[in-house]
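Alright, structures below, take your time with them.
Shared between the two complexes below is chain A, which pairs with chain B and chain C, respectively.
And then the complex of A and B:
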């Protein structure tokens, strides 16, 4: 195999993995929120973009060190989610068929956020690039890989592992899974359902924000990232099975590779077409998803 | 819901729809706002048939309008008279809409809405991707205004009078439909489609009928919109536009004839009023969406108790979210 082929293959592999873990992270956040409070959060793309843009503000506009900026954005996301939960989300906890109310609500949030971002960040810059987490380039064979991208990848893997461990072994994770499976039974067993709801909203959004922050360190981006991400995360959630974090992880990785391969040989539009098509097929034939719990 | 009860408000609407553009003819800008309002009234009536009376929330509504707009513009360019191109475009769009919607119609509630969002996204991507037909992101500019068979140009007030005719006919058609037994069956499906099925109503077929007629409203709206603005692009028919039309219906009061008309009349001028702060429009509409969901679930009509929805629903308590099918 010639050098050129190796480089193309390596670039597809690396960007497939990188995009895959970010897709997995964001979709996990979305699916945790849907699985617990039945909120299909269409605003996830906006939250993702907000995470990336706030990282840009912290590092480029305020000149903070990259790691400190990232932690500060996560802190902001927690405060933001709590505020949103108190103002809007908790009003619907006891409404029957609330998933459609939540869906429309999140579309409203999307419109507000898109409007606000386009008259602020949209005016300040076309393209956003944040300083690297780690400087330098590592060569794998002939293939150069930016260290900041490697670092973002490593952090994403660690976050996914932590998320799994939390859901599997921690007391909160067990309560969350109990609520996933049967809200009434969980309540009867002494689980504070509302507290679990609140925590999963904050946790899920935190994971989505983390995805945005890592995306900002790995790639330069523009405001259109929000809508693409919203559609992709929804497609992953529906295909993987709403509420299934394992499904989000597996399908997220598959989508990452699909995006990398299809974008290399055709165009990103074709990749988007294929996600939407896959989502339609699953919606029509197996709406509970591939990894239904 | 008697037909006769609506005759007086319909008369008032017709008088306003024809009178206002003529009264404002001296000010093209205000007359244009009137014209846009009339187009949105037509679209809101179609959305109301689906969302208000059948209980479906179709987020691909703008996409269907867009298909009709592109088809009718291209047909007129190919030399076909606008008066043929318009119904053909609307028919093509609603047929395609039914074809795309056919599989999703057996889905319920949130799953139908999600499915329609996916279809809307596919349509928008299609507008961008098939740039040979749609001219891609750039859009089609300088679409000529149609003229009457006698060679009389419809520029200016005459076009607004035509829009007034369409809007009035649209409302009249909606009143007739809602008063008919077909309309009653749709309301039965909205309230409880399981029960409707058990009573011997062919739910999918009724939904399909409603979908076809609702899409025709969208198609006509799209076809008259294109020459009026003289410009169409994928952005003119994206999901936010669908959402805005939905908002007009929900804000005015779903499942009432006049609520959505008032909603369209109140919301269409908003971006024009904002003028230089035009970009705030999205924020205003977004806040309104949240306001409607949180505080006005039955819209202005419900808040003012103008005309209660027929058989206002007592929502069944369900512990689990609805299943997809």
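And then the complex of A and C:
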């Protein structure tokens, strides 16, 4: 195999993996929130973008080191989510068919957020780039890969593993899965359902913010990143099965690779809607999603 | 006698009243509707444009002149909003002319309204060719059309390396399609060969695979036209994979873009219509750069310059034709006869029968980028008649 072919093959693998883990992270956050409180959060793309933009603020405007900036943004996301939960989200916990109310609410949040980001960040620049997490390039054979992207990929894998372990082995994870499956039964077994709701909202948003932060370290971005991610995360959640973190992990990776492979052998334009086409086909045969409980 | 005595004061009063009305009219501001992108995807461009416009206002509204009031309205980067805003400015505010959009999409919406309702429209920054398509009567555009940029890129490459191989990698937006249409038309005529042609859909965020495909094609030059943040992603991924900086040509570069491309892009080229690093800036151009930089903490680029110049040429037309201040047809006629120069760069402004100006472009090479700004030097300049290539046929 010539160097050129090796580089194309490696670029396809790296692109699929990088996009896949970010898709998986964001979709996991979305599905945790949907699975617990039944909130189809249409504002997930805005939260994702907010994570990326705040990282830019911390590192470029305030000059913080990349790692410190990232940790500070995660801290801010926790405070932001708690505040949102107290002010808005918890008011709907007892509303029947609240998923519709939540959807409309999150659409409103999307519009407000898009407007606010436009009149703040939108006047500073039409493109944003943060300093690298790690400088330099690593060669994998003839293929050079920026260290900052390698670092973002490694962190995303660690976060996904931690998330999986938390949900599988920790007391909170078991409570969350119990609420996913049957909230009335979980309540009868002594699970504090409202506390699980609150934690799920904060955790889910934290994971979405983390996706935005890592995206900012891997790619340059602009305000339109929110819309693409919002649609992609929803598509992954629906195919994976709403509420299934495993589904989000697997389908996120599949989406990333689908995009990389189709854009290599067909074109980036076809790649952009190929996975949405796959979503429609899968839903024809398994409307509840591949990993539905 | 009594009647004569009564008639004199009445006549005097009428005379004084008439003079008062005329004086009041002379002092009444001339309104120009400025519908621009203050929110939405293009808000950075709208805000930059308004910043440039505002720098021109003290000079435009100097003492003793009938003031010009630029009525600024946010079009939210939405064509429908731009059209609705144009109607509002026309019917409610009764503006003399429209101006302000910096995106081709919103400009096309205003263009439709302006041409249909016979409202003069001065386009500061929007490059889609159809804004000055044959038959346009009320529209005058300062920025060269995008298909022409493509023509100019081919001329630039031809001047550097005859017979060069090109790779095109771009976002699939109307503006980029127009640039590549002009380039694809002119490239064979200039003896250039396009080896790779890769378009990305809107919202794309990864170009690793396509950068590798570009590297595999071994081109002499890569024409990079990403939208927003994706522009930097493509650029970085090309550089990561070993494309040399002096192989990269960005058809356009504004201040924030050049700063974001950063130090590692030193050596690469970009097209522009005004740049703080141009050697031949006029004294007013140098003052404009200094004042803008002091106020905004970054040098201006062609967006700010075109909006600054827009205010100036409107003033110039009204000074030379006072009757045009209250008559749209007279204003349109005066605009169509305008023969002047950009006060900042000395580049001529003359509109053809469709409202397109004699077009031009500078190509700059980045020398260095640092915290405060960037240094670049002019390496190429060309100008051309808008219809040197069939722009209105290439891009419908």
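Just so we're on the same page, the second predicted complex is superposed on the first by the 276 of 293 C-alpha atoms of A that agree within 3 Å, B and C clash if a C-alpha of one lies under 4 Å from a C-alpha of the other, contacts with A are read in each partner's own complex, and residues count from 1 in each chain.
The rule is simple: contacts are C-beta pairs under 8 Å (C-beta built on N, C-alpha and C of every residue); 3 or more make two chains touch, one makes a residue touch a chain.
Keep in mind it's a predicted model, so treat the numbers as computed, not measured.
Undergrad: Between chain B (first) and chain C (second), which does A:118 come into contact with in this model arrangement: first, second, both, or neither?
TA: Both partners, chain B and chain C.
Undergrad: Scan A:103 for contacts with chain B and chain C and give back first, second, both or neither.
TA: After superposing on A, A:103 lies in contact with chain B but is clear of chain C.
Undergrad: Answer with first, second, both or neither: which of chain B and chain C does A:162 touch in the superposed model?
TA: After superposing on A, A:162 lies clear of both chain B and chain C.
Undergrad: Quick check for you: in the superposed arrangement, does A:128 touch first (chain B), second (chain C), both or neither?
TA: It touches chain C, and chain B stays clear.
Undergrad: Considering only touches as defined above, state whether A:272 meets chain B (first), chain C (second), both or neither.
TA: Both partners, chain B and chain C.
Undergrad: Going by the contact rule set out at the top, does A:137 touch chain B (first), chain C (second), both, or neither?
TA: In the superposed model, A:137 contacts chain C only, not chain B.
Undergrad: Taking the superposition as given, does A:68 touch the first partner, chain B, the second, chain C, both, or neither?
TA: neither
Undergrad: Could you list which residues of chain A make contact with chain B in one structure and with chain C in the other?
TA: In chain A, residues 115, 118-119, 269, 272-273 are touched by chain B and also by chain C.
Undergrad: Which stretch or stretches of chain B touch chain A in the complex?
TA: Those in contact with chain A are residues 57, 103-104, 107, 109-111, 113-115, 117-119, 121-122, 125, 128-129, 240, 243, 246, 279-283, 285-290, 293-294, 315-319, 321-325.
Undergrad: Spell out the part of chain A that touches chain C in their complex, as residue ranges.
TA: These residues of chain A touch chain C: 4-5, 7-8, 10-12, 14-15, 18-19, 115, 118-119, 122-129, 137, 143-146, 215, 219-225, 227-228, 259-260, 263-264, 267-269, 272-273.
Undergrad: Would you pull the chain C residues touching chain A in the complex into a rising list?
TA: Interface residues on the chain C side: 38-45, 47, 172, 198-213, 215-216, 227-233, 236, 240-242, 256-257, 260, 262.
Undergrad: Under the stated contact criterion, what part of chain A meets chain B in this complex?
TA: It comes out as residues 38, 40, 42, 88, 91, 96-101, 103-105, 107-116, 118-119, 183-184, 231, 234, 238, 269, 272-273, 276-277, 279-280, 283-284, 287-288.
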